[in-house]
Amino acid sequence: MTVKDAIKEVGQAVIKDKVFLTDLDQAIGDGDHGINMARGFESVLPKIAALADDNDVAAALKAVGMGLISSVGGAAGPLYGTAFLRAAGACKGKTAIDAATAKAMLDAAIKGIQDRGKAQQGEKTMLDALIPASDAFADGIKAGKNAVECLGDAVQAAEKGVEYTKKISATKGRASYLGERSIGHQDPGATSSTIMLTALYKYLKQER
Amino acid sequence: MTVKDAIKEVGQAVIKDKVFLTDLDQAIGDGDHGINMARGFESVLPKIAALADDNDVAAALKAVGMGLISSVGGAAGPLYGTAFLRAAGACKGKTAIDAATAKAMLDAAIKGIQDRGKAQQGEKTMLDALIPASDAFADGIKAGKNAVECLGDAVQAAEKGVEYTKKISATKGRASYLGERSIGHQDPGATSSTIMLTALYKYLKQER
Amino acid sequence: MKKIINNPDNVVEEMLNGMTASQPQYLKRLKGFDVIVRANKKTDKVALVSGGGSGHEPAHAGYVGRGMLDAAVAGPVFTSPTPDQIYEAVKEVNTGKGVLLIIKNYSGDVMNFEMAAEMAAADGIEVEKVVTNDDVAVENSTWTIGRRGIAGTVLVHKIAGAKAETGAALADVKKAAEKVIANVRSMGMALSPCTVPAAGKPSFTLPDNQMEIGIGIHGEPGTHREAIRSADEIAQQLVDKILAENIYNSGDEVAVIINGLGATPLMELYILSHKVQAILKEKGLKMVKTYVGNYMTSLEMAGCSVTLLKLDDELKELLLAPADTPALVQF
Amino acid sequence: MKKIINNPDNVVEEMLNGMTASQPQYLKRLKGFDVIVRANKKTDKVALVSGGGSGHEPAHAGYVGRGMLDAAVAGPVFTSPTPDQIYEAVKEVNTGKGVLLIIKNYSGDVMNFEMAAEMAAADGIEVEKVVTNDDVAVENSTWTIGRRGIAGTVLVHKIAGAKAETGAALADVKKAAEKVIANVRSMGMALSPCTVPAAGKPSFTLPDNQMEIGIGIHGEPGTHREAIRSADEIAQQLVDKILAENIYNSGDEVAVIINGLGATPLMELYILSHKVQAILKEKGLKMVKTYVGNYMTSLEMAGCSVTLLKLDDELKELLLAPADTPALVQF
């Protein structure tokens, strides 16, 4: 169980769903979200593979953040880039990540996305997956679950969040230009967030 | 039986086949022959209707020629315009047209087309309808037929000429750019010539 | 997908090299970056940097040259460039008089340009930014991200560029740009979608008898679709929406862009312009200059937008000032 | 047929009025005729008249202005104008120094312009003509009507126009035009057909994986069709055919047009130009100037043509001379 492998799994999951994410973005955006994210992780993964095998989680996440910022572009680049940088900041010096740290990282990422993008929950963005995920994670901690179990709950909440994005109209991001016409379509960014959380969860569960 | 009515029949026949002629020109040209000819006769017919009822054939044909020149454009405008002007020249002062005069008019028209367009028979143009028509007309005269009978023979020869244009490749006009690819398609100009001769024949036969 | 391209993943790279190879008298490329700068040595003036996703050609690199931009940063097709690219452009063109970033109002563009501005500011470079948002198809409210930047952006390049060329200070160049932004509005429609090369299929489908109204420039659907209408009705519809902004009054002098989205024949743009001019004249507006052509496109989308800019004396003089760029030359 | 038009029968009329309404500083219309002349008073020089069918915008009226044409005559879409229209244009722009007719080599154009020349000559106006025939897709032989005139015609307008502006005599302006014609060659291809408004349906159909090579500018099919290839291969194919004319030698200075046929995004033209420049450089040619854009179109056809002009000192100077027209401005 290494941070490098975890990132690899996450990146490959995103790349695998390139066409799916692009199709979602064609419906309510400009049809590039999958292309953007895949370009980002294709650029990031070799850099991660080249890192030292010291399992420095913060260093690896920072490399992901910097890499995404300089390769993704669009809205997702600065948002996910900032999210990874902030998550890195929240785990500086740690090699093993417990549930509390993981929750702090997730919240730092969400705060980073909100600092950059000025969006709230309910605006049909990636936050509609990530904030419910964080809430579920918190509930899991309260219920005494471990980090991986909490993440499992978070994934389920994120999936529900994606479903919820179908019901609302967008007020941030490109889909907001569609107004009511965006209703009925799930948000590409909420979907990619969920794909990443899911890939991480699957990796951690099987490694455990 | 008046020259004004005859021209009206001829013009209306061309207008009626606007789409057909355009389709033929789309296959091997630039898809405007029917549009051009219809525009020409739509502009000419009111002018002819406004002429005096003195059955001055030359004056009427001259008006057609001038009118076509200033309304058709493209290749067909100068060619048919010149043809009508020359035909007018060949019947100056006549009100009744006998077979010999008719033949002279047809040949003057053909000469006009050749002076302007520098084409010979066999180049996949209107001449491939008109020259055989003239030849058949001559045979008719030799056989002692009257003008209308000769014209009937001319129409049949023109129709054969149109069929023949399917077998050859064009060396004049826009279709020449297609080279061998023009084979298999009938020439729009040969077709419009035949439509005019046919309309004239039908009118004269029924009036007789 | 029918396109004259080699590899969907290389279109921006090859396009940028094609631009500099074709127009070396105007343009050169910043080595290793998707940044086009003026071929001529930078002059001692405020520098203008614009850019955004590719696919809007001639925007943005086509407007690099005397009287307009100093650098254009090209992102992937319809995707904002990344901060490091923009940062390099800023560093390259800065002469110490400061740099103005001209950004179209899209979340991605704003965020990436802002991050670049932060990076440049950390180096001590004076950087200001303006955000164009001329598209009246989109509601402007505090709850949304506001209107989009579309073809009106070209007039910001033109006028702020002319201002910078006079030797004006950064604050004044920015003020001129903001005055344009406050007074320019656009509205667009499309007859057909476009295909992002890497996506390989059209961004939407539109029945043969329908058009999209309120289209953006990224292949995104418009605000609504309806049965296709005549050029005169389209002109009326687009202009009405612009005039409803209530910033144009009888007697005002205006500049107009009749913009093609990429696949619209100039014949159609002139037919549209015919009616637009008539409506504006009727309204008492005085057309100082009309641009008709492909100024801000959306790949091979068929459609158009109409842009209206209200002029005052300063804007008029700057609008009519000379420009010498690949896509816009005027004496 | 999806077009921004009102009535297929009025497209030329409304387009011409749209042009003059949009660009009154450049253009005015000869009342009652489909003739566009310079807005400014005619100057005391040899006058240049061109024209042809409509649908090739910006050709031909887009090139009316200082340094290029004095009048353009517009026929119906893809149909040569009639002699009376051309005759009016000649009478209007003649200042006594003579008029040069620039005709593209199509039977219809040649015949109608010749008839107009005869009419003007009968009035005692000195009229000369040149016939452009740059399209190498079409075989030139004594048995056919010879090559077609396509985008290379724009360089004849440019260079003969600049020559006339120097005050040269009619014979010398004609000689310059003929020198261009002798040294200019073009070759085109299409990805999709176009639709003449009055016809209402596409001029041909082309399967999704095919392209037409050797296309003209009137929606007529090309010389052959084949599987669609990469931009680099298309560039090679078009340029090879031009170079096979054997008039361009290592060390020669040349002008290039990378021409869009109407619906081709500028991005694709630059990608094509990228390879064209590389091939020409490899061949030892020196590119003095490259024009990239829609210069001679075929309505909304997607496709392109490449034009190459070999320059000598005179042609180079005239090519680089200023021009100020709606479609081509250079300092």
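Labels A, B, C and D are assigned to the chains in the order they are written; within every chain, residues are numbered from 1.
Criterion: a residue touches a chain if its C-beta (ideal position, glycine included) is under 8 Å from a C-beta of that chain, and two chains touch if they have at least 3 such contacts.
As the structure is a prediction and not an experimental result, all values here were calculated from the model.
Q: Shared touching chains for chain B and chain C?
A: Correct list: D.
Q: Looking at C-alpha means, what's the farthest chain from chain A?
A: In terms of C-alpha centroids, the chain at the greatest distance from chain A is B.
Q: Find the two chains joined by the most C-beta pairs in contact, please.
A: C-D
Q: When the C-alpha atoms of chain A and chain D are each averaged to a single point, how far apart are the two points in Å?
A: Whole-Å distance between the two chain centres: 55.
Q: Please tell me the distance, in whole Å, between the geometric centres of chain A and chain B computed from their C-alpha atoms.
A: 76
Q: How big is the gap, in whole Å, between where the Cα atoms of chain C centre and where those of chain D centre?
A: Their C-alpha centroids are separated by 29 Å.
Q: Take the average of all CA coordinates in chain B, do the same for chain D, and state the distance between these two points in whole angstrom.
A: Centres of chain B and chain D (C-alpha means) sit 32 Å apart.
Q: Identify all positions of chain D at which a residue touches two or more other chains, and write them in rising order.
A: Not one residue of chain D touches more than one other chain, so the list is empty.
Q: Enumerate the residues of chain B that touch no fewer than two other chains.
A: Correct list: empty.
Q: What pattern do the touching chains form: line, ring, star, complete or other?
A: Per interface graph, the chains form a line.
Q: Going by the touch definition at the top, which pairs of chains touch each other?
A: A-C, B-D, C-D
Q: Looking at the complex, which residues from chain C come into contact with chain A?
A: On the chain C side, the touching residues are 53, 75-85, 106-108, 111-112, 115, 137-139, 143-145, 148, 196, 198-199, 201, 203-204, 216, 218-221, 223-224.
Q: For the complex, give me every residue of chain C touching chain D.
A: Touching chain D from chain C are residues 2-7, 11, 14-19, 21-23, 25, 54-55, 57-58, 62, 191-192, 208, 211, 228, 230-232, 234, 256, 258, 262-275, 277-278, 289-290, 292, 294, 297, 299-300, 302, 304, 322, 324, 326, 329-331.
Q: Spell out the residues on chain B that touch chain D in their complex, using ranges where they run on.
A: Chain B reaches chain D through residues 22, 26, 28-32, 35-36, 39, 69-79, 116-117, 171-174, 176-179, 181.
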